[in-house]
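Have a look at these structures, which come just after this line.
Two complexes, one shared chain (chain A), two partners (chain B, chain C).
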Partner chain A sequence: MDILAAQIVTGLSIASILLLVALGLAIIYGTTGVINMAHGEFVMLGAYSAWFLQTFVGLSLIESLVPIFAMVAALGWIAERLVIRHLYRRPLDTILATWGIGVMAQQAIRLSAGGELRYVQMPPAMANSISILGIEVSAFRAFVLVLAIALFALTWYLMYRTSVGMKLRAITQNREIASCFGINSNRIYSLTFAYGAGLAGLAGALVSPLKSVSPEMGTTYVVDAFMVVVLGGVESLIGTIASSAILGQLNGFLAFYSNDTIAKACVLVAIVIVIRFRPQGLFAAKVRA
Partner chain B sequence: MTLNRRTFLKGTVATGAFATAGFPHIWMKNSSLARAAAGEIKVGVLFSLTGTTAIIEESLNKATLMAIEEINDQGGINGMKIAPVVEDPASDPATFAEKARKLVLGDKCVSVFGSYTSASRKAVLPVFEKRNNLYFYPTLYEGRECSKNVIYTGALPNQQQDDFVPWLVEKFGKRWYLIGSNYIYPKEENNYCKKLLAGLGAEVVNEEYVPLGHSEFSSVINKFHSEKPDVIFSTVVGDSVVALHRQYRAAGLDPEKMPMASLTTSENEVAAMGGDAAAGHFTSAPYFMVWDSPENSRFVESYRKRWGGDKVTHFVSEPSYFQVYLFKQAVEKLAASDITPPNIREAIKGEEMIAPQGKVRIEKENLHTWLWPKIGVCKSDGQFEILKQSSDWLEPIPYKAYENQVCTEQGLKES
Partner chain C sequence: MSRRTTIQIAGYGLVCLTILLVPTFYDDAFVLNKYSRYLVLGILAMALSLSWGYTGILNLGQATSFGLGSYCMAMGLKLRTVPVHTGSAGLPDFMVWNNVQTLPWFWEPFYYMTFAILAGILVPVVFAILLGWFIFRGRVTGVYVAIITLAVLVVVNLLIIDQQRYTGGFNGITDLAQLEVFGLTFDAYGSSSYYLIATCLTFSLFFALAITKSKAGLILQAIRDQENRVRYFGYDVAGFKMFAFAASAGIAGLAGMLYTIVMEFASPTFLSVPLSLSVVIWCAVGGRQSLLGATIGAIVVTGVQGALSESETFLDTWTLIMGFLFIAVVLFLPKGLAGAADALIDRLLSRTGSGRAELEIMKPNTAFPHEKEAAE
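Then we have the complex of A and B:
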């Protein structure tokens, strides 16, 4: 019983990390249709920003979250302005272009910060475990879970309760008609891309004390993020949170009862089967084309 | 005269033909027969400077180059300088093979120093065996290899575990949890470990492998919670080591009761995970940065002077360094016209030197190295404290887990 409860909490924790990493991708992919292969590199840049702010400025991880969001969002905004903006009508080319941006980001970090693994300190107050209902939970993992849900709520609010969000949804449905109504789609797209990149940066900063920080760390996260988005359904925020939860629990349980190698394989097989029968994902929003 | 495409092409081809005819060394530069021509000895340096394992291989590259520079500053080998040809195989086994071919055939190197992973060593092996060249491999590895074309200066399973496993059983207990990355090295190490444990009457409660590069250990940690092993024997490699230790610490597990005993956690990984996550866990290796010897102080000091004051030396960079000196000692015994890979191999057999870890020797039967295994416990400042050194240097036995096989000078003998 204890083990079962502990395992559910573990699944939630894995899910929260998946959600953090996938949320930015879901927004960018869902609204602009850009398959952002550089998403993992924005995660990596967030982790390196955390390392930079901690080592050279002396900010703790919690204090540096807002600056990290701003820094990585700014980088995302620049990437959108310089490259992606010109490719909205050629979605396949964006794969190559964003992949190129990713490679350049990796090498830029390697040249400036060096190739070795970097250390980001966990906030000392959260370095230990806490007991919730008799289950030992890492305090930091609980914090990540809370923050992931908060960021999800914020994103939902922005999308469905603000005028920027309404314009974004209008553009997503039909860009030309939305422009006819006077919506500046270029500006909205830039903002969306910057916001998505900023979220990725936060994800990177938040996983950095649990995992390792290296120039190549992004490549595994981008795969996880795509799995979440594809399973949940494009253009569906609810789908993103639901599929994070499903994948997190599935991964946790399979890894516990067999091992991580098998869990990874089984999860991939399950996703392939699902998208064979529901190519639009589990929770696709019904949108008139 | 207008320059149309046809005349332009003709002109270019003619110029090219003239250039190659006029300067034959451009295309015949590899035809020189004497390998130690022009007063220099060419060697290859083959460590990844990009890609996933660049993190660690960069430090091996640096240690190798530093040794070469030191030897050259002291006048080289019998007056000849060592000329390193550095290639970047980009952490990719296929590129390793391609670059190895280039170094052996194109550059005519007499030996190559390289590789960190077993996969990359296996990939270059055919090149060195076919061309009868010589490869110097500095990493601890799984053993079970008997090549006449590789000099192995890292530790074998028997050298890392013979002292370590009985010591842990006595100190902590007999219920062991084996966890490793999913590839050949951890499986062979665990193979040998299980043999030792069986002899000691200890029990393996679980044996598990995670994918390479895996970074989510929360389910594994739940299993630690439920199984409550006495010792967690870890052969997880690379950045996974960092994730495992940090998540172990965050989950509130106590190294006093359930320590991780690792063959793969060096100062390098500890720097990335932070001393608080590493403190209290054990590593077995022939070399630690804190080892107190004049040779080691000199090594650490010059390494930091050359590459930066925050750099660490570790149990793979140390062999990368001393193996160049063994190479030097072997070549010193040869006349300039005799410097060929097979002669170097014969000359290096039984060669000894005082390395930073202590006195080492190349075993003539199997070309592995006699080493001094040590047991270290990590402290919160990120350095190890050495608890125990083996009473004598340990013989390398690459087939220790396989009783019917022995590696000899003539090759693998099966009984």
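Then we have the complex of A and C:
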């Protein structure tokens, strides 16, 4: 029983990180149809910002979360304005352009911060483990889980309870008609992209104490995050959280029975099969287009 | 044969001839090895153009076929070496290190070089047919094809790294013999390998061109532009897609085998996501809807990459420059270099009054009917 509970906790921890990374991607992809290969690099930039703020400014991780969000969101906003804006009619080409952005971001970091691994300190208050219902849980991992859920709730609120969110959903359904009603779709797209990038930055900052920080760290995240988004169903926030949970748990359990590599391979095979039979995702929202 | 096709064939022939003549001017072994590497990647990009540019299947896992081909060749060549520890009939060195006692059954046939070479093409083809059957019979299209192929690539890559006992794991298969066929030895640093690769490039280029010019090739392009309409005409869309997918995989497998000969090893990085995405980039830069364009795109991009990474001034910044160039090409030259060349030829032709109508085939790519699908 203890092993089972420990497994579920491990799975939840994986799931929370997946959710953090995938949330931004889901919003960007679901709304604009842009396949953002640079998403992993936004995660990486978030992690490096955390390292920078900690090493040179002396902010602790918790204090630096807000500036990191702002910084990475600003970068996302710039990328949208300069490049992605011109490609909304060619969604396929966004793969290429954003890949180019990612390559540039990686190299820029390599030149400025160096290519070696960096380490970010955990907030001292959360370095210990806490006991929940008799299971020892790392306090920081619990914090990440709580924050991931909070960010999810915030995103849900923005999407479904604010006027910006309503405009965004209108554009998702039909950009032309929405524009006819006076919605400035360009502005909404920029904001969405910046918000998604900012979320990726936060994800990077939060995983930075758990994993080493390197310029290439983004590549693995972007593939995983895409799997979450596709499995959950595009345009479905609930799908994103559910599929992060499923993938996290599945990964945790399979890794317990075999090893990490095989677990990852099995999860991917499962995803491929799901896409084949349900391309719209497991939790697709009914969208009228 | 229309005038445009004649010009096209002449252009293809000219480029292939130029490539074949290079060793008469540069006799430096190191330079030739470098060039042959670029040519192999050119073949790989050309293979992608066949499935992406002509059929609209964005295969983000092109490196799967490439890597499978490369491992088949490496397995064949590995068994030609005499193991240091276990004698002439012994096991490959990495198996000894991993305490493997007997040669696994699927390694046995690779003692025959003919089998290894055939396998290098047929394994990717069969793999592609099975995967294609799985994908296209289910009428999966657009971005989901891209995601599935990408996921499959990662799975194959993970499995190869994980099964270290049989595949050499992270290090790959190193320390290979040189390929010997018909009494010819193909040294990676000699003009023989270069000629082999240039010949393969010529043959595969014209093979692919023949496919695109055939009736089946026209149907492939029709599928790219309006899949449903082709289906309503009664064509077996999935079958044609599987054909294009498999042909592309076979050519990529050939490229993989050649890559092993040039690099003298096979490694999991040949099946990595970055390489696979780079192929897409080369294809896009050169022009996805032109076989020759994609080939030249790969040669130019990898060539520039190689030159920049060697020069003192650009040692640190070349990746930045490459990234910038990719973005610029995507923004300003959506059809790549070939698109620009095409427009030029078109202008010359229209001045003489013919060939205009045919160009209408070159409609913008609609491989991603993101919104359209929902509407249907």
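Rule of thumb we're sticking to: the second predicted complex is superposed on the first by the 289 of 289 C-alpha atoms of A that agree within 3 Å, B and C clash if a C-alpha of one lies under 4 Å from a C-alpha of the other, contacts with A are read in each partner's own complex, and residues count from 1 in each chain.
Keep in mind that, in the parts below, a contact is a pair of C-beta atoms (placed from the backbone, for glycine too) under 8 Å apart; a residue touches a chain by one contact, two chains touch by 3 or more.
Because the structure is a prediction, the values reported are computed rather than measured.
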First, second, both or neither for A:V272, with chain B first and chain C second: second
Partner chain(s) touched by A:S60 [first = chain B, second = chain C, both, neither]: neither
Partner chain in contact with A:F140 - chain B first, chain C second, else both or neither: first
Which of chain B and chain C A:T10 touches, first, second, both or neither: first
Which of chain B and chain C A:F226 touches, first, second, both or neither: second
First, second, both or neither for A:S185, with chain B first and chain C second: neither
First (chain B), second (chain C), both or neither touched by A:M122: first
First (chain B), second (chain C), both or neither touched by A:M104: second
First (chain B), second (chain C), both or neither touched by A:Q249: neither
Chain B and chain C footprints on chain A, overlapping residues: 107, 110, 259, 261, 264
Chain A - residues contacting chain B, complex: 3, 6-7, 10, 13-14, 17, 107, 110, 115-119, 121-122, 127-129, 136, 138-141, 209-214, 216-217, 220, 251-253, 255-256, 259-261, 263-264
Complex contact set, residues of chain A against chain C: 33, 35, 37, 83, 86-87, 90-93, 95-97, 99-104, 106-108, 110-111, 219, 223, 226-227, 230, 259, 261-262, 264-265, 268-269, 271-272, 275-277, 279, 287, 289
Interface residues, chain C side, partner chain A - complex: 58, 134-135, 138, 140, 143-144, 146-148, 150-152, 154-155, 158-159, 161-162, 273-274, 277, 280-281, 284, 316-317, 319-320, 322-327, 330-331, 334, 364-365, 367-368, 370-371, 374-375
Residues of chain B touching chain A in the complex: 49-52, 54-55, 58-59, 182, 208-211, 213-216, 218-220, 222-223, 225-226, 239, 242-243, 246-247, 249-252, 268-269, 271-274, 276
